[in-house]
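After the structure tokens below, expect a handful of questions from me.
Chain lettering (A, B and C) follows the sequence in which the chains are written, and residue indices restart at 1 in each chain.
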């Protein structure tokens, strides 16, 4: 992953995070090149979600550094308003998709997508509507533009959430178990949208339970357990012949359950 | 027992004027108590207890004492120091009273908005204040609507109490007419009927608002 | 603040506060029976009886308590109803709170799972026996809470009988503000007494609630 000389899109170095006495991230390193897709798998409590949330600074790390396209994300030197301004600016370059969608229920589908570009980039109403419709088209929901989230299925909600994240033209997309809360028959429509993004060479970090999907879509796969990276490799290698016993054990359980 | 409603018809313009005053006061108090209630709720929730205790104290005081006592205190009490017209005392008194009740509702509904909403907004790049303005407060408002409209329906009925400090709403207007015609039963029945109709309309409005708000929360 | 004055007027206010408690307690007592009757009437087998009960509840809840009070006190004689101020306060208070209380009681009864009714009837219990042994014990906690809220409203509403010259707390407070020109002192003391009464009500409600939930999982 680090053969190229260009700046990595995302670079994590020595990330440590503790909640009280519990150390959930024990020094994580990761470098993601432009246009690459990284899948992070592991049992619940392994720290994979915390790691992803740290990238967006929803969790504030205790040690280490996070770089986005050459700009440092975590800035322990900044305090108060200066930090707020910095992090709000950084977050505009990252799209985050949550397990429970977190669509804004008081806004229509289209308004969910256009809120950020209008209020944060000062985009005109017309321009934003055009952008919003284009993105909804892309996730196959243009016909639901005026609907409110309460009228959508889980899969539709998540597709709108992806469109909402894309509306800020992010440099990287973060997916935090985007399909875990969905009924099995709704998973595929969301996966398709994510595959579409992959074909367009969007840089993505995907925390997931979907082993088959992770294997198909990603350039690099990482298995985490107990706050450390147990094993990272190409998906073919990691999923077919994992080197570590813990990885083998985990995959046996999960692939077994899926079959 | 003989009823004579002809005085009611004679004094109809007076009563109608009273109805107008009641509705205007209702509107002013609704606007004041809903906007004020949100502001009070936000300050109570987002500032330190050391800073906002006077606010919490006043909410508590307004909720544990009767409206009429509050009105008397404002009218005869504050009136001792500065001269304010009764109508201002009435609107402020009723406004503060219901501001306390509405703030109580908003505090609960703001708390009920899930942390995921906050995170989603922050992850898009919105700061604290914009997240509050665009995401949290609108949702809290929609969630508050059923109880809020209940409060407003109760509030309109309380406007009748303002007659006690001489504000010319419908009860006061009818009391003037009664003092001339000596027909209390006919006039108070009429007032009751008008109030009942206003109440029916407000309940219909409440149902309509709730149905519209339901799919937004 | 003039402490001496407060000590001087305190006995008057305490006496008036007792009238507030007296009038509210009586209205609550009679209101409870009116509410129970309304609940029964609303489930009557004869439709017009049900309609009448519903209409009564709707009209009472749809008009101000203050107007009801004025109507009965000043308008009552026109229909042969002459009540002294205190009795008028109790009667109107009871009929008013009864309507609200019947809705609260109905809500509590309806909150009990319908399977409970079916289970009880399938054992051979009749309608009344089911209500008494199965439904009411389960509805009681919620009922106690909502009646408690209404009791507090009743205490605050009782201030309105000052308008028909019942010498209760608010009446006495207004009179004392007029005669002493010390509104803050009078307000502080009378507010304090309302607060004591309301907290006492809350305490009783909490006690009853805990007793009612002793055997249930709530």
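Basically, contacts are C-beta pairs under 8 Å (C-beta built on N, C-alpha and C of every residue); 3 or more make two chains touch, one makes a residue touch a chain.
The shown structure was predicted, so the numbers you read here are calculated from the model rather than taken from an experiment.
At the far end from subunit B, in terms of centres built from Cα atoms, lies A.
Chain B has the C-alpha centroid lying closest to the overall centroid of all protein C-alpha atoms shown. Once the centre of each chain is set as its mean CA position, subunit B and subunit C turn out to be 22 Å apart. Separating the centre of subunit A from that of subunit C, both taken as means of CA atoms, is a distance of 57 Å. Work out the mean CA point of subunit A and of subunit B, and you get 46 Å between them.
Residue numbers of subunit B whose C-beta contacts span two or more other chains: none are found. Subunit A meets subunit B in the complex at residues 56, 58, 84-85, 88-92, 94-96, 98, 100, 102-106, 115-116, 119-120, 148, 150-151, 161, 164-165, 168.
The touching residues of subunit B, when paired with subunit A in their complex, are 114, 116-117, 119-128, 130, 134-135, 138-139, 142, 214-217. Looking at the complex, you find that subunit C touches subunit B at residues 59, 61-68, 70-71, 74-76, 78-80, 155-160, 162-163, 169-170, 173-174, 177-178, 181, 183-184, 187, 190-191, 194-195, 198.
Residues 1, 3, 61, 64-69, 72-73, 76-78, 80, 157-158, 160-161, 163-164, 171, 178, 183-189, 191-192, 195-196, 199-200, 203 of subunit B are the ones touching subunit C in the complex.
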